[in-house]
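Below you will find the structure I want to go over with you.
Labels A, B, C, D, E and F are assigned to the chains in the order they are written; within every chain, residues are numbered from 1.
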């Protein structure tokens, strides 16, 4: 069993906001992260796969294929976007770092398996101080 | 002459957008950075001061005073904000990294001189790949 | 199950030193890390929690609450201190990176559970080249 | 059970290349990584050990001993070398990041056990975006 | 006057080697950097431009144009290549970090001026510990 | 004219403290940095040289010679030491980051000139947020 990780980045706007709550309640729970005019981050995404080494190539999977897949399924949908308004797989979810990790996992699990490996972990850093990890 | 630098960070939303242009023209010039629904960044700010060392303290200025000043004049106004809509000193300016550096310089030049040093450089990184520097 | 991590920093002095041994023996085992006049580090601390996502907020726990807790229980006690002489929870322990990880774990395990999550890992970097991790 | 990690670096040349294939087939599978004139990387290696803390020293193992061991068994053999041509433990293997992690594991497993700990993980970063991990 | 910097990366093989000298002399002067079987690095390149801000766009130059230019003139020629054997603008030069900075400067000076700015600095990091800068 | 930089690190203890002042006054001016029991840092030092390229080698100076010189004159004196008590060239000086940069400059200026280059800048980072630079 071998593990490989690909790092990708995207820049996006978001707002922590629960539609069922009024602004005062959102502000109380989410603080400045609930600013109605949005704020944003340079997100750093780490996608880890596990599986058996292919003895023909010495690869688990070709990292170029993985990078292309992450761009197609995840970062092209998120980069320079508003996560609350424009990202299909985040609709109906508060765009916390935790929910982003889960949403990205759901985007990648099936396509990664078609590359011949299993998705092991989606890790996402919102800032240099805050990370979330999801293992399914 | 000695130089000291304080690093601070802030997270904000913005859009590269010229009101005199329609969306098609903005998109042509600014690309995805002009997304009408905004995007955002973890900005990293480096403020460099120069001057004579104070022989009593071994400091140019106390970096705690500098940090407090940057927070008050700059990062409290930018952090978790929309630069286009909510930041007083950026009104009427396209929020490019270059204009941010100039805007921040203007906020800091006079207050820094009251600390007993001269503002030497404002450097701002929008991503790990893009920086702007302004020396006045 | 979701995992979140908060990064915090502190700067402290220490000395690897066993009181039962004389200076020659301490020097033999610990080398320059046993300098009687102390040395110090910029420590980087990563605290990882695990648990079920709160569907109301999209959070495992609010990272601001976690940051506040780490400051209160750990970094306020360590920052700009002498670990051998001034840190209550490190008394009687050689302040190796390993023992720091264990000591910080003991400080956080109970309070973290009151936030509604389980402490998963305490990771501490003494330098850019040396880390310790403790999982309880 | 405690975990410690030592970070080491080395700079080397390599080529992803399967001798049984002709250049066209190698190029098709490995792309520019198969350039016959070689290319190279600044590799970053993380070696993680696990075991019981030695109560006498507060160490799992002395990180200086671990660093010396990694240099002797691994990085002195790789640093400023051509991995395909000059590294004994990589002969007969395509020098992918995955195979490097496995090869380094095999070099370290027995010697690390003589230090009084178990090898837990070999992680190697080929670039800031690509990592492999091996746990045996 | 405003300064902007674009960071780009490339991975390449090289050898410090003076054809007029025999291997013994090369080894004596360049040490392990003269290994006849090559070694390599993940180079990090910083290209800094200076000039007057364009008031229409808030840009000195569009960093996408600069990035495209650097790729075309510099990094596409260097990435996954052997600097001694395959890079036209480095022929006849020992591929030290200093000479790389000068060679890249010569590639960029004229094309950058056509973007409407002046090339200010080419900085290149060979490792995390070694940099060269050239200002023309 | 070419510029080269070597990065080195050292870990040390210090205390911002003016012997002419009592503890209350020291605490008022220097805050927690004046803790009588010391604290410490992982310092990062950048030494930049300038001069004419040696056409024979493609070097300004051999970075191995520079690294050896910095170790001998600077970091061997500082690493794992107490800057206030044990570092000869810092005696009689408050060990602020500014004074460290000046003290290190004075240690290196003459020896660097014997390598055939001029010392251009000593930059020292006390933390990831605080730097000082001295250009003589």
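Methods note: a contact is a pair of C-beta atoms (placed from the backbone, for glycine too) under 8 Å apart; a residue touches a chain by one contact, two chains touch by 3 or more.
Just so we're clear, the structure is a prediction, and the values are computed from it rather than from any experiment.
Contact with chain A and chain E alike is made by B, D.
Annotation: the A-D interface is duplicated by C-D among the options C-D, D-E or C-F, judged by over half of the residue-numbered contact pairs being identical.
When you average the Cα atoms of each chain and compare centres, the chain farthest from chain E turns out to be C. More C-beta pairs touch across one of D-E and B-E than the other; that pair is D-E. Of all chains, the one whose Cα centroid sits at the greatest distance from that of chain F is A. Taking each chain's centre as the mean of its C-alpha atoms, chain B lies 34 Å from chain C.
Distance between chain B and chain F, defined via averaged C-alpha coordinates, is recorded as 29 Å.
Rounded to whole angstrom units, the spacing between the C-alpha centres of chain C and chain E is 42.
Multi-chain contact residues of chain A (touching two or more other chains): 128.
A list of each chain pair in contact follows: A-B, A-C, A-D, B-E, B-F, C-D, C-F, D-E, E-F.
Per the touch definition, chain F reaches chain B in the complex via residues 16, 18, 29-31, 93-99, 101-102, 128-135. Residues of chain E touching chain B in their complex: 1-8, 48, 53, 56-60, 62-64, 67.
The touching residues of chain F, counted against chain C in their complex, run 9, 11-14, 32-33, 35, 37-42, 79-82, 85-86, 127-128.
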